[in-house]
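Please read through the structure below; I'll follow up with questions.
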Amino acid sequence: MIKQLRSVVYMFLISLFFASLVSAVMFLNEKKIASNQALKLQRIILKVLDIAAEKNTADDQISRLFMERVKDIRVGDRILYVGYKEDGHTILGYAFPVGGPGFWGPIQGMVGVDPDATKVLGIAFYKHTETPGLGGRITEDWFSSQFNGLRLFPIEGDQKIFYLKPAGTTGAPNELDAITGATNTSSAVETFLNDELDYFLKELWTTVEERE
Amino acid sequence: MPNLPSKKEIFLTGLWKDNPVLRQVLGICSTLAVTNLMVNTLVMDAGLIFTVCLSSLTVSLLRKYTPMRIRMMVQTLIIASYVIIVDILIKAHMPDISEALGPYVALIITNCIIMGRCEAFARNNPPLASFLDGLGMSLGYSLVLIAIAFIREPLGFGTLLGIRVMPENFVQWTIMIMAPGAFFTLGILAWITKYFLPNAKNSEERT
Amino acid sequence: MSQLIFSILIISGIGALFALLLELADAFIANYGECRISINREKELVVQGGNSLLFSLMEEGIFIPSACGGKGTCAYCKVKVLEGGGPILPTETPYLTEEEQAKNVRLSCQVKVRNDLVIELPAELFLIEEFKVKVDRIVDLTPFIKGVTLGILSPEEGISFKPGQYIQLEIPKYKLSKEPEYRAFSMASSSKGPQSVELYIGLVEKGLVSTYVHEYLKEGEELIMRGPFGDFYFRDSERDILLVATGTGLAPILSILRHIRSEQIQRKTTLFFGTRIREDMYCVEELKEMEKQLPAFTFIPTLSREAESSQWEGKRGRVTDLIEDLVPEGADYDVYICGNSDMVDSCMDRLLEKGIPEDQIYFDKFS
Amino acid sequence: MTPINPLTLFLAAIFTNNILLTNFLGLCPFLSISRERKSAMGMGAAVVFVMASTTVLNNWIYYKILLPFGLEHFRYIVFIVVIAAFVQLVEMTVERFFPALYFVLGIFLPLITVNCAIFGASLFMVIRGYDLVQSIAYGAGSGIGWWLAIMVVSAIREKLQKSATLPKGLEGPAITLIITGLLSLAFLAFSGMIRVQ
């Protein structure tokens, strides 16, 4: 019986040791990871609202800028971020989180629209589990900058706000380049982003307008 | 105690003679997934080298105390803990890389090389030898990964480490970015090595 | 903080629970009791049943080469299982060719020890042990060759080996070498005396181990030795025996001769022992002594570079010349050759020309 | 929980997101065992059984134990330890009580104790937030997808061994990788069919 007891105690001690090791490392880095996430979100929102577009602005400058220029308001089931111009009170635009099923797992992004929600200021995807180098390229600038200036209108019938076509075959302004080799991710993004934009325009936008 | 080859020998076997990927056909899963971008490959290699060396060292340190029936579970626990530490460190200090690698960092846990080295070598050899064996094996693995990425990224994206290497009018081979490209590249690489080095029995030399 | 400790305890609890489950299963389900594994019909192990053969042998300190750690993908761990192995499993068939299966070669990582087994291993795999030895005596046999006698401290029962085999001697770090080095040396002592081993170590310039032995090694010093190795050893048969040796190559040959003397083997034995000059010759008294004791033994020394003027009456020239003159055409000898590789190769050609079948010629090349 | 009907998830796991051909998981045993159909069959069956059961087991543990006590960042440790223990337990029971089944399926279990595909399935189950029924469908689907891939490749390899004479150096892992590459190319054709995460 001792042999069994010995290995149970041994396993308990080993798991205790390694669990505490992992927790210690987690504890030390938790704040750093949290601040990374928050910073990334702020950077994305500022980028989407076209306030601080350059990639290399220092972290502290980003959070200061975010404090001054962005306020968040709760609308329906989401948090909307209202961006202001330098003077601090004329509205520059609104940013709201979007999300939906990608090829491998959920994709989350942020969409920035002008004050009267007729045009897209900027779009960025920041959380996904797509294949690195393939679907994962939705986070790259060349892909997200295509959406800048996209005309927005609530969807009637099957006519979509934008389409993702294979690279090089795009014609109309609302036909954008899909990621070569990642047809699955591209079609996934096209579907859920259209629905989210439509949802925003139809449900959320009306409440935002009254608030003004 | 097997007759212990000198430290240098252990290291070299891993590096080339018994190269894990090409010769023993181990650790293929993560090899193919991340090698379409050199940046991801380098981070994956670093993560793997860190994990293989430390796991081999720990398993070897504990080899006399681990009860036999639960040795497999203890080894998985050790490996998983090191991989999570790697995952946390990458998330904290290299957030965008961790974004790009996605689930593949966690998949290092099941990389057959680590478990293979722990079971085959670390479990019955002294710590320093196991550490070196782990180092040799993981470097051997990283070399192959880098070789594959060296082929796949330029052909697939026309860039290497993000810098444009291919001429402007180069049409990207999208197949190289996707799964089939990875299979073909590794297949051809394995073919070439087998062609030049049929696994000759290593002759035992004596003075 | 308490949340952290609480979560750590939960994880350890889960781990311990699974360990308990595994142990209980092991105790009630997988215990096959004691099983006997007989190796090469010489050594018998008693192991706990339920594990793979590879694993059970490793528990007993016998290390079968394995790369993938029992995952059935590297096929390094092939072993002959004569009895008790059960049918060849589908996990093994991809790796075993037809004639391997016919010779019941199996993957030891897949064969489960559930009953008594009879297996066959390459000798060097299971006989090798590590010995702690003490230097009892160092004798200058010739200006360049030292006779070193090592007493075995542990394990007590000493080393069991076949006459002609060699060991690996490990010398510690010293001025010339940054880390412990080891070299192979054939044993000259008779296999009847397992407690002590006699080695003839020739000085090789810039040779790390031999320089250490010749200049630094002192009596009473303790070293590490591993062995026995090699498939150059004395075979029983009815045929006459021809022994050929040069320089330190006499060591394994002497071990064979001492075996013949202690076993009173009555086979006709001839020894050609060649060195350059008279001072390089050693153990001559013992060999002459043996010639008297064993009527069937003749000892023929030869010197290849002795000055003409010296009063040496023995043969002059190389051992290959002795083979040329003294070995009759179509002779049916068992031949044991030991020395540097060029000598061995040239003797080999001469002997084949004389019609001696190749599988009766055993050699041990010192590079 | 993502709104997807378990049946589509089941079919998708077999064809569009085949765990081996698109996610590259479980390749190590695949390359060596696929030399023969008989062993491939046994291996495939073992993978289906273990993948389905461990995905469900891990799903239950994740939502019933890990989440309530806030132990998310330990999920990888718990999953892999659960898989290792589960496979060893099953192997022992099958070896003892069902010897016939053991020779068909049991002997493959130690080979897949720590296998990327099995762990990968549990991993994706958590990332995509499947509930219990969906994880059964996903686990079984991926297992069958893996089984399908290994059966196809082992059939081709056996045919190859009998008829074709391969150029020097190509036999073994090299030709298997190239065949698998072609197969994953073929499976890409399914990708447009069902879009699932």
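Note that the chains are named A, B, C and D in the order they appear, and that numbering of residues resets to 1 at the start of each chain.
The rule is short, and it goes like this: contacts are C-beta pairs under 8 Å (C-beta built on N, C-alpha and C of every residue); 3 or more make two chains touch, one makes a residue touch a chain.
Quick caveat, the model's predicted, so the values are computed rather than measured.
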Contacts common to chain B and chain C (chain labels):
A, D
Using only protein Cα atoms, the chain sitting most centrally is B
Give the chain pair that accounts for the most C-beta pairs in contact.
B-D
Averaged-CA centre spacing for the pair chain C and chain A, given as whole angstrom
68
Could you give the separation in Å between the centres of chain A and chain B, each centre being the mean of its C-alpha atoms?
33
Starting from the mean Cα coordinates of chain C and chain D, work out the distance between those two points in Å.
46
Multi-partner residues in chain D (2 or more other chains touched) are 28, 31-32, 73-74, 77, 81, 85, 88, 124, 127
If I count partner chains per residue in chain B, which residues reach a count of at least 2?
25-26, 33, 69-70, 73, 77, 81, 84, 88, 103, 112, 115, 175, 178
Where does chain A touch two or more other chains at once, residue-wise?
3, 7, 10-11, 14-15, 18-19, 22, 26, 104-105, 129
Draw the chains as points, connect those that touch, then say whether the picture is a line, ring, star, complete or other.
complete
Interface with chain B, chain D side, in the complex: residues 21-28, 31-32, 73-74, 76-77, 80-81, 83-85, 88, 113-116, 118-120, 123-124, 127, 168-178, 180-182, 184-185, 188
Would you tell me which residues of chain C are touching chain A in their complex?
4, 7-9, 11-16, 18-20, 22-24, 26-27
Chain C partner, complex, touching residues on chain D are 28-29, 31-33, 35-36, 38-39, 42-43, 65, 69-71, 74, 77-78, 81-82, 85, 88-89, 92-93, 95-97, 103-104, 107-108, 110-111
Applying the document's contact rule, which stretches of chain A touch chain C when the two form their complex?
3-4, 7-16, 19-20, 23, 27
Quick one: which bits of chain C touch chain B in the complex? Just the residue numbers, please.
15, 18-19, 22-23, 26, 51, 58-59, 61, 63, 66-71, 73-74, 128, 130, 166, 168, 179, 183-184, 204, 207, 226, 229, 365-367
